[in-house]
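To start, the structure under review is shown below, and the notes come after it.
Residue numbering begins at 1 within each chain, and the chains themselves are lettered A, B and C in the order written.
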Amino acid sequence: MHWIPATDSDVEKMLQVIGVNSIEDLFCDIPQDLRLKDWKLPPSLTEIEITKKFSDLSSRNSSKKICFVGGGYYDHYIPAVVDYLSQRGEFVTAYTPYQPECAQGTLQAIYEYQTAICRLTDMEVSNASLYDGGTALFEAVLMALRITGRRNITVLPGLNPLYLQMLKTHMANLDVDIVEGGDPAGCACVIAANPDFFGNVNDFTSLAEKAHQQGALFIIVVYPVSLGLLKTPGEMGADIVVAEGQSLGLPLACGGPYLGIMATKREYIRKMPGRISAMTVDNDGRRGFVLTLQAREQHIRREKAMSNICSNQALCALRALIYLSELGKSGIQQLAKYCYSKTEYMKKQLSKVKGANVVNKSYTFNEFVVRLDKPAEFVVKKMNEHDILAGIPIKSYLNALKVSSPRKDYMGVEFGEEGDLLIAVTEKRSKEEIDLFVDKLSESLKD
Amino acid sequence: MELIYEKCRGRKAFDFGLLDVPEASFPEMLKRKLPPELPEVSELDVVRHFTHLSRRNIGIDTNFYPLGSCTMKYNPKIADLVSNYPGFTSSHPNLYYIESLIANLSGAMQIVYELENMLSEISGMKEVSLQPMAGAHGELAGVLMVSAYHKHHGNFHKRIVLIPDSAHGTNPASAAIAGFEVREISSNSRGTLDISEFKREMTEEVACVMLTCPNTHGLFEDSILEIADIAHSKGALLYYDGANLNAILGQCRPGDLGFDVMHFNLHKTFGTPHGMGGPGAGPVGVGEKLIKFLPGPRVVMKEDGSFSLVYPEHSIGKIAPFLGHFLVAVRAYVYILMQGGEGLKSISRYAVLNANYVLARLKEFFPPAYDRLCMHECVLSTEKYLEHNVKALDFSKAILDKGFHAPTVYFPLTVKEALMIEPTETETKETLDQFCDAMIELANLAVHSPQTLKEAPKTTPVGRLDEVKAAKELNVCKQATNRDV
Amino acid sequence: MYPEDVRYTETHEWIGEEDGLYVVGLTEYAQEQLGDVTYVELPEVGRHVRQKEPVALVESVKAAEDMYAPVTGVIVEVNEALEGEPELINFDPYGRGWCFKMDDIDLAQFKRLMTREAYEKYLKSL
């Protein structure tokens, strides 16, 4: 029995005050025949036993291999201060700031996070975060449906297939048609991704205009790190921006927790789901922060609420804020430049390899597709033997997600042949690692 | 306190070093015009800023936090430590979907597999999926499965979800987002579901009944078997909101009570940190009827003991990109293994003991909404102090000055001037006594010096905040100085 | 608190005739329940609405309540002053805090709405 401090004498005194004879008497409302007799659960372990068991489990994951896998989630370096500061108990063990007077740390951090997201995306307002990129996109679509009153949405080619699948699951009952294509006529919104799943970078300014002419909203999915370099959603005229925030100081962690970023124009702030921190003053005129526009949320509006969301990823948002504060204005630009340059270097080296051709026709940021003479799944398997995680074999990956292939990008280029491999290069990959990758790839193509 | 943006003096905290490959040029037309105005401070500035911010918060680690309905129990540090093992933090989740690389995630899949099985045993449900990322997300996954189930059986007329008026707001919101029409059922004078109203509303069109048990009045629905029979006789499924699972852990199991689908809140029942409001985790459990509809993919063990992923036959699809909030799951698994079967049973025993002790000590001063034994939390009311113009809100502020986080106030909506107190099993009798003494002192002050409560809090970093100003001005972002937006 | 010359609904709207149009607002009871109003979302001018249809949203820091059309008719004017000063609903619910005006209304419905006396009795029953 861990972490229960009551002593026998405590229990005796407490039962006396309550006026019952035993703890058992407190469960009298549960009908006797429903009471659990026994269950098959193991006996308690000690901390020492726990560390042994989990060290073993941890070592069954291969975390030390050189990672060129991306697909919307990236192996970036996390500065030491991010872990150090975000692990403080006053952050970790607090809950939703329902009592703002004793949660100013949380509320100011959220306000600063919202500011960072607005500045990164060039948008006017951000919420305090949602679960992840995929659910943020779902919430953005609900927002567009509410704002326009329309019942169709259209998705540009190149959206991350994980998001597409999550969107379909979440919207199964909403009687909304999801059209893959990108023609905004009659649609609540057009959804584009920049960079897209295949790494392509585009300027969607004219598409945003076209959407607006048709009365549709323009939603863009971005990769936050790329905004150290790329044209911003605000500059393109986006109405809603969503992103997976994992790249901003969150570990890959076998799938989460991550961070759903959402930002929009000021005129839509009341249609935006989730928590929002606002600056105000206290009764002495001192600066302070509170959650605002809460009346729209589920605990008050119930079935009429904007969303059923009851939490935000506050601790993950805090990590992103610390990360962005640590990198700062110069660091985020340096990071984006390094990711881009290393990727271009990798492309250049690959161009010398027989049997490997880059498929993308557009500029890319830190990810691209190479078409190999051999099945990508085979090559990836070979490279794994050299402790290199070579990338995502697109065809079998799409198959695993139950998404049809081939898939096109915005320019009409098709991806999804047997040999197509999606490769990501972050700032963590050194020149030596990239050269090693190219060497081993050439070798496995010769096999 | 200054914003970090107000501390910028053109300094740099971090540098990525020299670029070891040639710098590549990028076309101007695809570049952003102005750099993002992120902080320009030193690393020590960053450390001090966030350390100072943390000191403007209270958490379980610093104060008693009896926030009703939130189960703010101690978060074991061993669980945090273990979740930071490199195999867990550094592994790329897309390897799940790459056949030749999936073995690199064997440890993760084993944890997911074992924890799902353990949660099944704990809840009496047949199978569990860790995918949903929070309690409300678990509810959504649950009602989406209910919908898929009825459609699969051709019952398209089942469009209504029944929910008691005492339920958490997420229940009706989730049902609405899943496309259902919501009908509310009243509570009776004992604080439980009004069975006669329930029978009247229980038509063939009802797809699902969502219950919290014990309910948000802190009371066990003692007619649960009758409710289950009535719902099932009309072909409806029964949903268990696991928010209050801490009360019955090891005493009875939702699966044995007749529930068909449920969600867990790992951050409540299984001690994972609340993190200022997230990330939590909301696994869904299902009975026989819904197994084939679970979100996919699921981890299965092959004959050779290795793991692979499969989609259930009629899966609703992906509710999360991967297998859920993995690091939260690791913490919960550590918690469960350390408690063991017997330890888990004591959790509910001591949680219920502590809640009843607080109820017994306070009920003379704050009459309970329903005067009977409670489960893991008690719902009191400050209504009698309204004549002194003191509201539940004033008590919640004044208790902060006594060194405690406030209880939940104004919830459930069914109780006037509600004060919902959930002490949890991890608090000592001394702490509970100090809290009760402080509450009783406030009750006296409310009568003799109401102004003291009205002026509270005075010891917190800021006093009462102007929420009207916040909502009207909507200052939610510090404008960058180089922008004219 | 409750003027004689207007009619009332169970959802706490009042409606009264003024220069041939019908003015709609929230009652004293409603504004008291809401607390400080911080935002009002008004309907589109020209919109045809049916009785009991939600047409506006009134938000305070603790609540967000729909406002319903008291009768079937057309929205012909909205109170734009509420955009900058939503608190007018609190300070002057029957005067400067009016919400919208209707025309072509269903007079039979109007006549069936509660009188002041009936509404006050109704409030006592809540």
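In this text, a contact is a pair of C-beta atoms (placed from the backbone, for glycine too) under 8 Å apart; a residue touches a chain by one contact, two chains touch by 3 or more.
Since this is a predicted model, take the numbers as computed values, not measurements.
Enquirer: By raw count of C-beta pairs in contact, what's the busiest chain pair here?
Expert: A-B
Enquirer: Hey, which chain is the most central one here, using CA centres?
Expert: Most central by this criterion: B.
Enquirer: Determine the centre-to-centre distance between subunit A and subunit B, using the mean Cα coordinates as centres, and give it in whole Å.
Expert: 20
Enquirer: Where the centres are mean C-alpha positions, what is the separation of subunit B from subunit C, in Å?
Expert: 38
Enquirer: Rounded to a whole Å, what is the gap between the Cα centroids of subunit A and subunit C?
Expert: 44
Enquirer: What positions in subunit C touch 2 or more of the other chains?
Expert: In subunit C, 39, 59-61 touch at least two other chains.
Enquirer: Multi-chain contacts in subunit A: which residues touch at least two other chains?
Expert: 292-293, 300-301, 304
Enquirer: Can you list the residues of subunit B that touch 2 or more other chains?
Expert: Counting only residues that touch two or more other chains, subunit B contributes 467, 470-471.
Enquirer: Spell out the residues on subunit C that touch subunit B in their complex, using ranges where they run on.
Expert: Touching subunit B from subunit C are residues 36, 38-39, 59-61, 86.
Enquirer: Which of the residues in subunit B come into contact with subunit C in the complex?
Expert: It comes out as residues 467-468, 470-472.
Enquirer: Using the touch definition up top, name the residues of subunit A that touch subunit C in the complex.
Expert: These residues of subunit A touch subunit C: 270, 292-296, 300-301, 304.
Enquirer: Quick check: in the complex, which residue numbers of subunit C touch subunit A?
Expert: 39, 41, 59-64, 66
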